[in-house]
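Would you mind keeping the following structure in view while I ask a few things?
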Amino acid sequence: MNISWYLVVSALMFSLGAVGVLIRRNPLVVLLCLELMLNAGNLALLGFARMWADGDGQIFAIVVMVVAACEVAIGLGLIVALYRQRLPVDVDELRELHG
Amino acid sequence: MTPLLAAAKVQAPDIDWAGLSPLLALLGGSIIVLMAGLLRPRAARAHVVPFLSVASFAAAIGCVLWQWDERASLIEGALMLDPLTLIVALIVCVAGIATTLIAWRDEAAQEIAHGEFFALLLMSSAGMLVLAAAQNLVSTFVGLELLSLPLYILCASHLRRASSLESGLKYLIIGSVGSATLLYGFALLYGATGATDYAEISAQLVKKGLSGDVLVLTGIGMTIVGLAFKASLAPFHQWTPDVYEGAPTPVTAFMSVATKIAAFAVIIRLFDVALLPAVDDWRPVWVAIAVISILIGNVGALGQSSLKRLLAYSSIAQAGYVLVGFVVVTELGIEAVLFYLAVYLFANMAAFAVVTLRERETAAGDDLGAMRGLGAERPLAALAMTLAMLSLAGIPATAGFIGKFRLIEAAADGGYTWLGIVIVIGSMISLAYYLPVIATMWRDEAQPAPIEPGVDPGTGRAALAGAAPEADVAARPTGGWETQLVALVMGGAILFFGIFPQPLFDLVRRGALGILGLI
Amino acid sequence: MTIHLSIVLWLPLAAGLLALLVPRAAARWVMLAGALMTLAYAIVIAVDYDTAQRGLQYVTDETWIRTLGIHYKLGVGGLNIVLLLTTAVLFAAAALWAALRDEPAERPGLYAALMGLAQSGVMGAFLAQDLALFVVFFDLMLVPFYFLTLVWGTDPEKRGAAVLKLFIYTLVGSLLMLVGAIATGVLAAEGPGSVTFVLSDLRVNLISSGSQHWIFLVFALAFLIKMPSFPFHGWMPDGYMQMPIAPLAVFTAILSKVAAYGFLQIALPLFPDAAVKYQELLLLTALASILYGSAMAFSTTQARLVLGYSSIAQLGFIVLGIFALDERGADGALLQSANHALVAAPLIFVVALLASRAGGSEDLRDMGGIATKAPVFAAVFLVLTFALLAMPGSANFIGEFMILLGVFQAKTAIAIIASLGVVMAAVYALRLYIRSMHNRVGPLVQARELSAREGLVLVPMLLVVLALALYPQFALKRGERAVAGSLGATKVVQKQQDLVAQAKARAGKDAAP
Amino acid sequence: MSLQTAAWLVLALPLAGSLVIALGGRWWTPRVAGWIGTVAIALAFVFAVIALIKLQDLPEEARVATSSLWDLVNVAGVRIRLGIYVDPLSVFMALVVTGVSALIHLYSVGYMSSDRGYTRFFAYLNFFVFSMLLLVLAGNLALLIVGWAFVGAASYMLISYWYRRTTATSAGIKAFVINVVGDVGLVLGTFFIFREMGVLDYGPLFEGVQGAFDKNDASLVAGMLLILVGAFAKSAQVPLHTWLPDAMEGPTPVSSLIHAATMVTAGVYLIGRLHPLLEWAPTAAAVGAIVGAATLLIAGTIGLAVTDLKRVIAYSTMSQIGYMIMAVSAAAYVGGFFHLMTHAFFKALLFMAAGSLISAMAGEQSLDRMRGFRKAMPFTFGCFVVGGLALSAFPLMSGFFSKDALLLEIGQRGGWYYALYAAGYIGSVLTVIYTWRMIYRAFWGEPCAEAAELEHGHIHHAEHPTNPQTGEIEDTEVGFPGEAHHIAEQTWQMRLAMGALAVLSVIAGVLFLPFGITEWLANFLEPTFADSIVEHPANDGLEAFGLVLTSVVAVVFLAVAYRIWAVGSGRATAWQERFPSLHRLFVNKWYFDELIGLVIVRPVAWVGHWARDSFERIVINGALIGGTTGIVRAGSAAVRALQTGLLRSYAGLVVIGLSAILLYLLLRAA
Amino acid sequence: MGFLFFLFAIVALAGAVGVVILRNPFYCVLALVVHLIALALLFLLLEAQFVAVAQVVVYAGAVMVLYVFVVAYVGGGDRPGPLWRATARQRTLAIVFGLAVFIELAIAILGTGLKALDTDGPKVTVAYGSPAEIGDLLLNRFLLPFELASFLLLLAAVGAVALSGRRAGIPEDEIHAPERTVDPTHDLVSSPMPPSAGSMAEGVAGYGVTRPLPAPSEESPG
């Protein structure tokens, strides 16, 4: 299969993730969408790595995976903290800070 | 035993421990601080931990000075030990020490526990070092995350304050969008060139004649967005005011200074080294971002009553100014960027120190009203704040003026004099919000109500019992001498370097060496 | 290489800082001592100044910021010696005023420090022989006035906004000028690393004509705003109304002159092509200032604003003289700078004294009839009024005479229109005098004679005005050579243009048959 | 003592007197101040006489001396010396000025003695004399302008001497401003001349003018016209004369000294002084002569209609100065200056007498209220008659000879100058009528209440002192105008001064009698005007005709006036009803004030108010400041409106920014 | 290969769409798991065996479990009702600009001059993507990122614990203290959170099980 196909898929994933971030109000789901965006990056990396037959991209992908995991962990921690402060788990209601 | 494993044994990477020492000091420090946070006595936690944090930063500074004249590529070319790295390290560590001092008595540190708070601070600083020194995309990305993730936590560290949590979550989500965009940009760059090392990317761009290729340009575009986001440049700035306002003030101080420095270091490295062949393509974008940042930052800060918010917008504008030094792509420009960032450190740290001081002393929180009567009550702190504001506005006899001078000179030298004019137009607008701060301090004798026990100083609402141990004490709260010390030292530095800037120039002079030599 | 100028430059600030440390009661006197010592030092320098010698004297030249190529270069020459002296006199008067009247009641130490900073700033702007240093002082001198107005301004409700407007408005020009100055240094440099801002070097390495144009315009804008000149005077009414008296006196008197001095010291020698090109523009601006300032001055009822608007008109004359691009005009402008400073400051004090006799009101409608019980006051005021309206016999007349003569040589029509300003000056100046001193007693007036303390401030200044009236050549002689030097470059440009025009005409004539 | 020293002393003494009186302030009792002033001027007169003697010692062709103290200006080719220029003309003027001034000072010592501003008055008066002498003796155009402006200032200070009167202060400012207009004209005129010649000193100026300019060169004409504007303003020539009647707000000695005898003749002096230039610009000279002629006619007609005693004399002054201006512009120098001198005597006398009369009326100046003072004030009446006869050129009085000489010299030039000559005689008719109208109305007929009171040896006092112009009650708190009134009959200083002037008014004609009987004055002034390029061909027939005509006019119209105002009543009214529009024109002073108001004052005031009320608000504050801040504010509002606090909108902006940047880069690549 | 690619790609994209559009967060998580597995298969097609395995183990395994727990603890989907007037418009805008980004990326990918993109990639050795090669790279060339990644994990652990774990649960004495409401505008007092949240059922059902959905509130956030 052409590498371009993989990349188009990854681009679509990236855009879907971005749209998700824009339209979802539950931070949990927003985090999931962020995972989508990062995974899109990973797919692109691996596609290019295949194209160049190069290991760098794969390493990069692994690192990204770690990063994604860390982000998720922290994000979930934050959500739990919010929840325990009886704050709404809804990004649209988090707008005490504005202006 | 496969042949591969055998091969792995043979190839042990060469590690220059001396060169890595600043980074190691910070990372090691963070572990030690984390452990010290487990100490039983509360006093030990409250004072030993920050002390250790200061010691770690000091050790890192010591290492930086030790390695001052060195120049080396570390760990298989992952990092570069050069003047730029060292200068950034120095600035970050100074910011770290200042932040530690400001945070010494901070509620947020207590809330999330001292060990964690300061360890995260150290880790974030380490991330900045990595970012500044990174020589390939992978290191850069890891450094960026190492910088960002602790900050997400630190922003939310005042766990019982809704605004703190809100800022943490906002920062995390928007930051991750930025990271993902950056990653995708990196992926495209990697894809186009087949390389992750900066030097190699540059070489490939030239070799393959790719500098105008859509794939590369798209990669560059996404990279710009990701980095602009980290440096809080408009139009990717919107998280900044909210996060700065909501985060605990010491964290805001650190973010506003250190993050920016690291972000600019990586922008310089990435664009002036790896992407230099495509300079004509990306420069207009950065120029536009600079102009938009200057205008939006200054305009947005007008009429803000929250000082932190005001400083947040101001930091957007300041980042715009700094960017002008970068877009000319000259050594002079890089030097101007570094000088300005150093100066910016003084001004912002002084300002945030005073804001923290008043947050703890008055019930007005970070509202402008908290500054009332400061001139009469604490003339020295007021003087420091005044100098900070004047420096940010770029009034002579402050370091900020010299910084702007250098930036404009760089712009003029690089043929972008009109950007110099944009800078001063921004400065003019900025006077309209910096000066009222000064006016409030010196004009009104009446002081805001002192903090009442049991009231949350951030929100003015009743605080949770036990949430703020100081608040339980009936005595009039004080801002802490450490905080005031930071304000005074930084204020003094503003004045000193405003009059005798030469030492600072000598310090940053070599910062640009070797960056642009790779063309 | 001497240290004298550094001493005279920083002495006021040092005294001001000292005043911060001494007990409240002593602070004003420390300020006064500082101002008087500065004055004495300035007089010594002026006496010792060798009028026969060409070029700068007492030069101090140290590298200040090596990286930026900025030198700490000070020097006195024909352009600034008299203005330096004037500055010292005015600040001494302001300090005397504050000390004798126990102004201000609150935080005198801070007041003294700020006044000291202001004086050092103004003197620095006059003494600086480095473009960047000039810009630094030009901006810096404004800062203390911000605080002075902020803390001690007239109306607690309005002063904050007014001074903000003043500060931003005037800095608009200054900051643009900063860009212009830097661009000048960079463009004049032969290569990176050789950037210098020393004026004497920049005068030799002129920048290209194209760059001169915009840089000249930003400099001109900065100077015109600072003066202020029509139509950039929007900050003036509010700022003047809110500023405390002693700072206002020095502000209106001397800060505006820094701008005029800047034209001669910087704009003309460094940007001669542009100066010639924009001569008409500047002349018309000046003309508009004269007419508009005068018209406003005789229609406002606020005594301070009469002086404020009259300053616009007077500064218009000064600009007119400078942009005659003729030695006579520029000589006159330089003289007039000193004259107007020496007249405007005591008049500000007079307005304060009038207000103190009119129930605190500065509205002319509340005044009147003060002269009867205060003949000495009336006499002092009258002499100052005559000086303000450039009555022949005053040095102001000599100044305006030279200015108009210069303009007349260059642009006759403009000189004739500008002379309307002289007539209008008579109207507004006398109106101010008559409506406060003469006519029926105003509703709020409680007339009383000049007290000894008040006289101690006004009379010495009056004597200086009279002395200069008798011997204006004192200032003219010192300025003559330096003014000629300042105009030298523009003269060359004009001559070249004339030659080109002649050649063209000749070519045209040849082509015609 | 050298000539120069004497001249400097003439200049220095009044200045010293002024300073001593002013700085002494309250230490001087009023009398002392008055005497200091008088003595200073008297001494100045003495030194002027010494200067005259010294000057006569010099050979005729070198009868000029200069001296300077220091350079006021000496840069860039401009040199202004603080120097004097002593020649017959300036000495002549100095003599007239100091002489008349001394007498008027003496008069004032008595007249003003109850006024509490006494010391101030004499300080001003001395300062005025100093200024006038500075004007006269100045050695260059710049210094002349200084003196010129100083007399204007002194005039202003003295006009608004009773400064609690709004009428006085506004008259003062009017006088000053019109004088400044003149100053400006003078300055600009000087520029025109300086541009070509590069000098300001008289000597080189007079010698070089023919080399520097072509005859009637446009630039020279322009310059001289502007200088004439200065002369017109100072000498109250149309249309710059409107300040002079208002200047009568000043105390009467001031009117006498400044607004009759000396200052207003400065224009005549100026033209005489600059005659080498003016003769080289005949167009300008013609304009001067025509304006002078117009003024003498216009002022004469107005003098017929006004009823304020001092204003009648003021218009008469204007008219007489019109003669002089006409004369000197037409190169009739000797006649002009001769008339200047005699006019100084008799006009000062008339004003002094009028002052005495006004005192008797307790400050009232309207002729309508005066009647029959002949018996009550014999001395004053006598002086009035002498002055009136001289003014109306009654045969053998000084005014007869001077006016005759003046008109003769004009007539001698022939051509269109005959028109001026005729105008002069028409003016003579008017002069006689308005002079005797005034005298008959005040002194003939039934004594009015005040006169009757005075006949009983008691000077009238109004219950409340009022401003004669507006009738509003005076603000007497300040002590001026003084409570007591002084009339010549009771005050010896006044009598002495008036007596001396009366004698001079009668006999001064001997200095220059027709048909060459005496030519002292002509001989004396000869060195100054020797360089005149205008010919005055002798014309004995014309001379004889003039003498006869002058005499006839004086006698006949004196009688006519007697018929109208002294004998019958109602005849004046009948004339008025017969020519109502003409009467209205004269009463309203040819509407000059209204015209100037319409053309200059109102537009300027409108511009001022427009600037204040509209332009400043709309353009300066609105557009320039408000516009800028408005844009910034709007930007601020927009930025803050975008900052909704909604996370998703922030992310949205990131995506929008991203797509925008990518779009740009893609377009760039394409 | 083509067929497999399309299959996996469609599944992966379907998973992604599911994440974005499914209302219940629990289902979103499940959709993501599907997506991740499909993605791992795509990785395999790209010869990145090690990454593919790591993806399944780390992501679909560990991380998703964490998610499920949190979803269960916190619960809740997008609450209905427009809290912000422009929500609908925002959705349109989001889709428009998301599409724009996609189109731009697609143009970049398809329009590039890089010829290699239109190939299946060069032939690769067996070692490519194998644990050995990965390990070699990680321990040599990418030692620093590798070490730092470990640090990142440490910090994530510390952070997650600090944020959520330190004071386990809400202290009993605070539960009934009404003044603890952080922001009165959130109207939380009237609909208190369940004190014992955390059952899987709750998580799956969102608001549905233990309490009814709160009525769309009229509150208008400042």
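Descriptive notes on the structure:
A, B, C, D and E are the chain letters, set down in written order, and residue numbers restart from 1 in every chain.
Just so we're on the same page, a contact is a pair of C-beta atoms (placed from the backbone, for glycine too) under 8 Å apart; a residue touches a chain by one contact, two chains touch by 3 or more.
Everything quoted here is computed from the prediction, not taken from an experiment.
Shared contact partners of chain C and chain E are B, D. Under the touch definition stated at the top, chain A and chain B share these contacting partners: D, E. Of all chains, the one whose Cα centroid sits at the greatest distance from that of chain D is E. Note: the chain lying farthest from chain C is E, by mean C-alpha position.
The interface carrying the most C-beta pairs in contact is the one between chains A-E.
Overall, the chain located most centrally, as judged by its C-alpha mean against the mean of all protein C-alpha atoms, is C. Averaged C-alpha coordinates put the centre of chain B at 29 Å from the centre of chain E. Each chain gets one centre point, the mean of its Cα atoms, and the points for chain B and chain D are 79 Å apart.
Here the CA centre of chain A is 95 Å from the CA centre of chain D.
Centre to centre, using the average C-alpha position, chain D and chain E are separated by 99 Å. Annotation for chain C: no residues touch two or more other chains.
Touching two or more other chains at once are residues 640, 643-649, 651-652, 655-656, 658, 662, 666, 669 of chain D.
Residue positions 138, 141-142, 145, 149, 152-153, 156, 159, 162, 169-170, 173, 177, 181, 188, 191, 213-214, 217-218, 241-242, 432 of chain B are each in touch with at least two other chains.
Under the contact rule defined at the top, the touching pairs of chains are A-B, A-D, A-E, B-C, B-D, B-E, C-D, D-E.
Chain E contributes residues 84, 86, 90, 93-94, 97-98, 100-101, 104-105, 107-108, 111 to its touches with chain D in the complex. Of all residues in chain D, only 632-633, 635-636, 638-640, 642-643, 645, 647, 649-651, 653-654, 656-658, 661-662, 664-666, 668-670 touch chain B in the complex they form.
Considering their complex, residues 137-138, 141-142, 145, 149, 152-153, 156, 159-160, 162-163, 165-170, 172-173, 176-177, 179-181, 183-184, 186-188, 190-191, 194-196, 241-243, 245-246, 304, 309 of chain B touch chain A. Chain D contributes residues 644, 646, 648-649, 652, 655-656, 658-659, 662-663, 666, 669 to its touches with chain E in the complex. Interface of chain A with chain D (complex): residues 18, 21-25, 91-92, 94-99.
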